[in-house]
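In what comes next, chain A is part of two complexes: it sits with chain B in the first one and with chain C in the second one.
Up next is the complex of A and B:
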């Protein structure tokens, strides 16, 4: 083909211009490559993080909660999986299976079919069956097997079993206020050890990271990562279920016999501070905590304060002896009353005892004698002694919601003198039952105050891991060993002839004091009646408090709380095979 | 017959087949790049559309396979038919295309659903066919003009009028992407045909201003411009930038080597249009930067070979036709990839040979057939000239 020169020039121009176009587009493609590389290399980490935030969903599954065991390994609380019967009433109606389902379930659950039929016939697509009492129907082994058999042979339409983890307390209400409970809605411990040790009991929840699509449904592709759950720790308490049971039974009986509103029993090892029993009435059943009045959930042994009354006189004596203000042989003339800051304070029954020594003050529980001792000790030293024995401060027990107690706040020197006088026999001071027990425990422990505790050890990872053991902890020396010994002997001597009839405790010498406080002067018949003491006096093994709130048939510590105190101390010491010292 | 008399010699037979292949004078590089894109596209359409219809993971793949078959038949036909043959249909093709466009516009106005149905892209999109028809018409028209192309009255004025009218029709269809491709195609062909650079610069300025005006006039497009400037809002929460944002997350999470074929997570509902306009993002996520660069390289080969066919075409018509087709395919690829990579404001166009879409695929493959025919005739002429020398 022959081209004219103009045509040739035009072709050349066209070629040149196409080469320019090619160059432009190749540059554009190169730039795009750079742009893409920018996102895929430089921005990679940031964009991958955004992708993960979009794609990954964390499914958290709870760890198995640890058990709570008593000192002997008896299970006080455990988590179990129980089945709930759930049903789809719409499906049941559509398949006309209402009557056959009710019949089969009634047979399997041993419930009247009519009760089930009405539950299965509610409007909607979901129902969880309830028992005759209206509580969610959690199946036992036999019921579960029966329902499974019915499901297997096709006798049940629109019915399924739904496993639920629940917290069970095999002994029902035993030590309920010590243990607390686990809230079903979120599995978090409430009150007591369940709350105090929740972090240990709960363990570490596991997590499954799954890649999901835009609707949140899991995808087969994409990264997956599973972090296994770590089971909670098994917690072993210092509490002895046997002693706890005796304490609760005895307390219930004493309340029934005296017509009291309630009461508290604490048994504690004075050498270690280990709590052996802690019982209160009224209490609750943690298996059905929802039915309990809110007021019953707290543990009054550590949370409630009361005027201890005359049991405080042992502390007054200890302060006096430690200060060198008195000896057991010191004596005063007691005409039945004394005047402090213009207020006349009487002995019980306004009775005068004439000349009395310190053991007799304890024996008669003479308020005039106690005031005399406190006044000899003096305000500053007496208050220091109260603080040393642990009053108006938390004991540090490993139980939640502990109260620090209350002290009167005098506004004048006169009021201070009156407070001192009243404190000497346990009035105008608010103490928790555990504080009072610890003060006596210090006397029983040669003058050294321990920290009370109830968690003996925790074995991690559902009992398969490391065991953390909690050691007894001495807080401070309160009085000298000699003082403790002297006060103990005074308590023994006075108890032998006191109205609490401690001489009825066979084989063991006891150091104990009664207390009867009347916090409401308008209603002097409403008392806190208590006995607090320890035994055997030669080598105390147990400090025991029995306290009744507002006993009616008899309102005095010795007569109301004494019988239970004597019975329990004897039972406990024999249970521990403590050799008799009398 | 020679073959009947030839002995049954396997080596000789193979050699003779090789000789036959060479005699075909096929631009194998161009064909290979096209087929490479097509195969990669089929693979990626299958992967990216897996979750669209649950229970039917191959639904869109099967349809794309059908379109690819039709497209390859079209390619074979156009590669074999002398491209000069199409010149006779240039006016008719443009006229028919415009009528189809107007029909779509009318249907779109009369029944909104019809326009959306067309925009989903399962069925015929006249604007796809329009690209090829316009390339053909421009090549014919400008080849006829000759040196008049350079003049204002006979060159620029009718060109601007014709192109402007066509772009108006397409813009009325609310299809900014196609209009942009056709504008680039027209400018490139006009430039190659010998346009006065001053005229061209003026036209580009005026046209650019017009586009900017359209962008600022319609709030929707302005929002897209904003989205381009801020492509990654927290949580991809802004509606306007959602697709860009998810596309960039796809690209970025793919990294250098990608999650692996079929492993995209973004396609599971996060990334809109994963097997059509956003397929490049899925490629980036599954095959990484290497996959993306492979796609870009294949388009670069297409550009080199396409403009080479244009440069070597035996006549101006062939040169301009090849230039138009190549420019269209490359510009469309650049706009698609540029949109996904947030290099340009988001413009929804399919990635040629790769994205799902029958109209686009068949038209593109037919256009490559035309390119192959031009390349073949160019090399035939060179061979003839070589022999003449």
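Up next is the complex of A and C:
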């Protein structure tokens, strides 16, 4: 076919226009490509974040809190799920179901329908039902099953169950001040082991990053990224629930018998520093901690400071023997009083004992004899001995709110001499019960002071992970083994014939000392009455302190605290199947 | 006819052949399969379409049902897990209660038991044969 030239010209013109059009399209395509690249590459991160914010949700879920167990694996604290009954009063009113709901719930919960009706009829769209005492109603299994059945039958409108995790202490108040409690509002441990080991017990919360629908509900089929929660560790204590129970029961009985305001019992293994029991009265029930006075939440065994009284005389003797200032046979003439810095200091009852050796000083609990020893040791060496035994410093126990105790700060040589004299028989010095126990534990442990501890081990991940075991830790040698042995024998000899009446303990030799301090000279009848010692003296297994605050029927350590001390030491040694040594 | 004219004529002829070949190929491409498809009777065509749609619907529904079933299973498993967790908690709680010294003491008293007076300790040396 032959095209005429006009046709060729027209074709050429068309091709030019096509080329121009192609150019325009290419430019447009380039612009579009550039725009796409801008959004897809340059703005990618920002757009992804915005998109994720719309269709992804991070759901944080708490980790299960670990249990607290005693040395034998008995559960002392655990977390359980309970249901609250919640309701929407608006829906109930609109449905006209107020009376039927109240009736059905009353039947299921065994409560008067009137009480429930008034709660279901409050203004608003949310109510959590409370019991007759006004506490949030946490259902037991029977109530839960009954409410679930009513819900399944359609007998309840606008009502639902809402699960809530609570901390439970099955033994009630057993070792409450040691354990502490968990604050319901945020699940954080307060006081005691719950506070001290909160990081381990709480575990690590998990997170679910999930795709949600338009209503914000997770899509099971959408992409999900889950970081599982790591359950809290199960903490095993050195505490023995049986000994703790005996200690608490015995203490409550002794308080009732003597009319004391309160008291403390501590039992400890002197070779390791492991705390076997730590009981205090008054105490509280961690299941209802909100009802307890604030003062009862503290653990006085580690945080309350008191004048120990004559139990300190064993430490004075140890300082004297270690310094070479005395031997058990050293003697003095005791006429019942002595003068220090112009102040006359008396024996208890102002009684003189004539010539007495060091064992008799312990036996009579003679203040004059103790002052004589301290003066021979000298101020510097005596204060060094107090520091070595751990006074005026924290013991390092793994319990919170520990106090370091108090030492007097004399402002003159005269005051220093008076302080030395008073410290020798346990006055003008503030110690915690645990500090005093540790000082005796050092004597029982051949002169080596251990760090007291109550957490024996922690098994991570709810008891299924790695187990961290805490080893006993020796802090320092306080006195030589020979000194410790000598003081132990002095305590054994004196306790047999003193007001401690350790001759009444059958089968075991006991190294113990009584203490009666009168911190308020204006009210000398208000005493701290205590017995502190260890047994069997030949190979001590337990150091035991029984201390009563302000006993009324009898104010002395031996008569007020002695009976409980003797009963407990026998029970504990038999419980541990310790062979008799006497 | 000059050489130049002859060459121009051959060029036009070649161009013309090429154009007709391209048109035919385009015609075949655009109308070949369509013509064959369009040539079928209408009921058969409708049946084929319905079959294709049904197949697609079946595939879609199968997936939806599978997803729903998986969701149901997942929910049931989660509910079972929650239930088992509750049971585990209850067992621990019950265990804690019955092992509690206070509970044992109360039960023992309720059963009429009383603490025995501690008897003498008898130590049997190792190897004594008793």
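Note that in this section the second predicted complex is superposed on the first by the 506 of 582 C-alpha atoms of A that agree within 3 Å, B and C clash if a C-alpha of one lies under 4 Å from a C-alpha of the other, contacts with A are read in each partner's own complex, and residues count from 1 in each chain.
Here, a residue touches a chain if its C-beta (ideal position, glycine included) is under 8 Å from a C-beta of that chain, and two chains touch if they have at least 3 such contacts.
A quick note: this is a predicted structure, and the numbers were derived from the prediction, not measured.
*Asks:* Quick one: classify A:199 as touching chain B (first), chain C (second), both or neither.
*Replies:* Neither partner.
*Asks:* Counting touched residues of chain A, say whether chain B or chain C comes out ahead.
*Replies:* When the residues of chain A touched by each partner are counted, B comes out ahead.
*Asks:* Touching A:58 in the superposition: chain B (first), chain C (second), both, neither?
*Replies:* Once the two structures are laid over each other on A, A:58 reaches no partner at all.
*Asks:* A:44 in the overlay: touching chain B, chain C, both, or neither? Say first, second, both or neither.
*Replies:* First partner only, chain B.
*Asks:* Classify the contacts of A:10 with the two partner chains as first (chain B alone), second (chain C alone), both, or neither.
*Replies:* first
*Asks:* Of all the chain A residues, which ones make contact with chain B and with chain C?
*Replies:* Overlap of chain B and chain C footprints on chain A: residues 1, 221.
*Asks:* Which of the residues in chain A end up touching chain C in this complex?
*Replies:* Those residues of chain A that touch chain C are 1-3, 67, 74-76, 78-81, 141, 168, 170-172, 174, 220-221, 241-242, 244-245, 507, 570, 574, 579-580.
*Asks:* Taking the complex as given, what residues does chain A use to touch chain B?
*Replies:* 1, 6, 10-11, 13-15, 17-19, 21-22, 25-26, 28-29, 31-33, 35-37, 39-41, 43-44, 46-48, 50-52, 54-55, 211, 213-215, 219, 221-222
*Asks:* Where on chain C is chain A touching in the complex?
*Replies:* Those residues of chain C that touch chain A are 9, 12, 15-16, 19, 67, 70-71, 74-75, 85-86, 89-90, 92-93, 95-97, 99-102, 105, 118, 121, 123.
*Asks:* Would you mind writing out the residues of chain B in touch with chain A in their complex?
*Replies:* Residues 51, 146-147, 188, 191-194, 232, 236, 248-256, 259, 262-266, 268-270, 284, 288-289, 292-293, 296, 299-300, 303-304, 307, 310-311, 314, 316, 319-320, 323, 327, 330-331, 334, 337-338, 341-343, 381, 385.
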